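Paired with chain B in one complex and with chain C in the other, chain A is shared by the two complexes that follow.
Moving on, here comes the complex of A and B:
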């Protein structure tokens, strides 16, 4: 039993790291632009389908398809930010309702575009970062899943260090907290918004490239990931980078462990239930600030 | 007589008409900030004081007229570009970053400065001026009291080594003692050669420290001159209480 639990914890950490990465991107975008990006999961879809397209073209290297996927999603993010989000931004904040409607629209348009191009079939990409498995103690762990974990944690950690230690990272946090004072310090709020949205989208694209080798891609796959991102943001706390990281891992572990006690079809309930519990018991989330403070 | 350095205009609002959504708050208003000393703007609510500042800083684009800084037009520049030109701004609402440490606040203030040595030098200068900030440099700014937060705001904007400092209601929400403390710092900075443009509800205080006063009414210039000249007229009472010449408001001694 103990080793079984341990095994599911390890599996959970690996899926969880992906949730962390997604939640982190969504949280940074929300924290800086005050935009709930309903199309966040679709950025992952686009990243995954770039991999599919490259595989169909005969490219087998997961590294190249990851680089191309992240780059493509970053460009897509920049275009969305520049063309759709900028015009509805006043005084350093995106108009809440219009932002929701526009990204909701995107979450309909993008999957349908993909459906039009690639068709409704489940797609599988053959390229793997690593194959085979390693033994952790007495437990065999798929190397590809380990790669997802390591990749996600490196990206998430890199982002945290970037936000904490660099001049640009400080500027991003400054705009998130107080756009007026940031502008009074000479920071271009407009440019920071473009950068932040691009960065958040690119992280989701990276998640897409990482997860692709162990799952199937289909046009509507983004919606589920958007819901996971929202759960992670709410459980970890709005605007908290550390919160998203820990909440994602927690959610992955909880979901994975749940199969020990409930039928595996029900594990999709874990995220919404944890989210509801958080909203009831600790509405500001694990690491969120108390409401009333900006 | 040729103008002395003190009288040379640093910033000029030149026949500016500006407002929100078609209704003009400023009506062909002209105003000059000198390169030395403290220029103050007073006036009742709705006179257009904050609108003047927003126009000068670029948060609001005038429908006509020009805004100049140091002789050249800045009316088309974005707010952050005006900061780059040497204007600093402390708004009336919280103008610092409560969720960051005090040192991080200063580093954000130095965003435009690339040279690390210069940043370190200016940080030290701010800490020398405000020792309380140095003691708490690694604490989050949210722990600061109202007066200390004002010091942090002043410190934050000193990081860009501004030539003109624009303050919107620096006395708001502070006890009289802290108001004095803030204005002591303002006076000290003025003596170090920084020019100020200050908007205040606290008319007594501003008349006491200001070198040159503008009184606005309905988006127009009702008076400009020295605080003493203003105090000698009944204009203040008229501006704030309607047309009753009964009580004169005298500046604080």
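Moving on, here comes the complex of A and C:
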């Protein structure tokens, strides 16, 4: 039993690291632009399908395809921020409801465009970064999943250092805390918004590129991931990078362990129920400072 | 999107528009006896109820629901499952579905209404997602993702596309009319708007804000549940997809394009958009949703007040020119 639990915890950490990565991107956008990006999961889908397209075109190197995927999603993010989000920003603040509805519109457009181009079939990229498994104690762990875990943790750590230590990172945090004061001290809020949205999208794109070798891609896959990223942001707390990291891992482990006690399909309840409980009992999330109440 | 409930046009013009639409609705089966078109028209009417009920929440009480599919699907499941397992006449399905939606409004409203707008929207989304997971997995009760179709339906009993369509038309006209009157011509609607415009002041005036917010949720849920029950009987099948986010997205899109805060704007937009997207589906399966999404983005950026707001602005311009 103990080793079984341990096994599910490790599996959960692997999945959870992906939720963390998605939640981080969502949280950076949420924390700075105050925008709930309903199309966040679709950024992951786009990243995954760039990989599919490159594989279909005959590219074999997973590293190049990953880099191209992240770059493509970053450009898409920049375009969305510039063309769709800028017009609804007044005095450094994005209109919350309109922003949410616009990204909801995107989430109708993007998956259907992908469906139109690639068809409804499940797609898989041939070839993996690495095959086989490593032993952690007595437990075999798929190397590819370990790569997702390590990749996610590295990206999350890198983001944390970037936001803490660099001038640009501090500017991003300043805009998140108080756009007027940031503008007054010479930071271009407009540019920071563009940059932050691009960064958040690129993180989702990276998640898409990372997840592709272990899962199938299909056009509507994004919506589920959007819901996970929203849960991570709510549970971890608005604007908290550490919160998103921990909440993502927690969610993954909780979901994975729940299989031991409830029928497997019901593990999809873990994310929405934990999110609801957080909203009701502790609206600021585990590590957030700003209360979500009126 | 703090669109005030502005008037679409002169009351006379609006009355004429409503009369023409109702007449067209009644005449449709005589113009085209095509069963497919009648079915599409019936579904469009069901979406119109749903869009109007969503608008009552956001446009008048200022409450954002991103989980409207939850009310719709729960109403549908309640109508099908309760009449089936209790062996009731299918006619009971409609009030049962509506009450289930209203009850869910209370259940969602009570714990979440202290939350700020965006958080509230996400909480409602989490509620409807939870319902969808349960409906998908509780196979012995709901037959899972295949959907439930064992219940007796009102329309299969009457056996004809035309009578089914007329019942939907009647219920849609009555429901949308009631939502419109509640929102714009009752004290209750005024109270909702007072809370939307300035919650602190409303509280200072002695309005029990929480009570009225829960009431708004349950009235909206009641009509959304009714729409769901109607859907279940009209299509003869209810599946977890009806609890899914896509339904919510379509409703949000229809109401926003129609013009939030006008009730009739969302209802008419739902009719037009549903029809248009079904026609587009004949060309290609994806075009309908791509068009709706693109139109939604366009309207939110360029005309956040929707078609109704745009018409109102057009009218003021004309009046000024006429002077």
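We take it that the second predicted complex is superposed on the first by the 290 of 294 C-alpha atoms of A that agree within 3 Å, B and C clash if a C-alpha of one lies under 4 Å from a C-alpha of the other, contacts with A are read in each partner's own complex, and residues count from 1 in each chain.
Convention: a contact is a pair of C-beta atoms (placed from the backbone, for glycine too) under 8 Å apart; a residue touches a chain by one contact, two chains touch by 3 or more.
Note that this is a predicted model, so its numbers are computed, not measured.
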Three-chain arrangement built on chain A, chain B and chain C clash or fit = fit
Answer with first, second, both or neither: which of chain B and chain C does A:178 touch in the superposed model?
-> first
Kindly classify A:134 by the partners it touches after superposition: chain B alone (first), chain C alone (second), both, or neither?
-> neither
Touching A:102, do we find chain B (first), chain C (second), both, or neither?
-> second
Can you pull out the angle centred on chain A between the C-alpha centres of chain B and chain C, to the nearest 10°?
-> 90
More residues of chain A are touched by which chain, chain B or chain C?
-> C
Considering only the touch criterion stated at the top, classify A:170 as touching first (chain B), second (chain C), both, or neither.
-> first
Give one of first, second, both or neither to describe whether A:227 is in contact with chain B, with chain C, with both, or with none.
-> second
Once the structures are superposed on A, label A:187 by its partner contacts, choosing first (chain B), second (chain C), both or neither.
-> first
Which of chain B and chain C A:276 touches, first, second, both or neither | second
Shortest CA-CA distance in Å separating chain B from chain C in the superposed model | 16
Would you tell me the residues on chain A in contact with chain B in one complex that are also in contact with chain C in the other?
-> 293
Could you pull out which chain C residues touch chain A in their complex?
-> 1, 64, 66, 111-112, 114-119, 121-123, 125-127, 129-130, 133-134, 136-137, 199, 245, 249, 252-253, 256, 284-286, 289-290, 292-294, 296-297, 300-301, 304
Considering the complex alone, what residue numbers of chain B touch chain A?
-> 57, 78-80, 83-84, 88-91, 93-100, 104, 107-109, 111-112, 142, 156-157, 159-160
Quick one: in the complex, what on chain A touches chain B?
-> 167, 170-171, 173-174, 177-178, 180-190, 289, 293
Which chain A residues qualify as touching chain C in the complex?
-> 36, 84, 87-88, 95-98, 100-102, 104-109, 112-113, 115-116, 223, 227, 230-231, 234, 263, 265-266, 268-269, 272-273, 275-276, 279-280, 283, 292-294
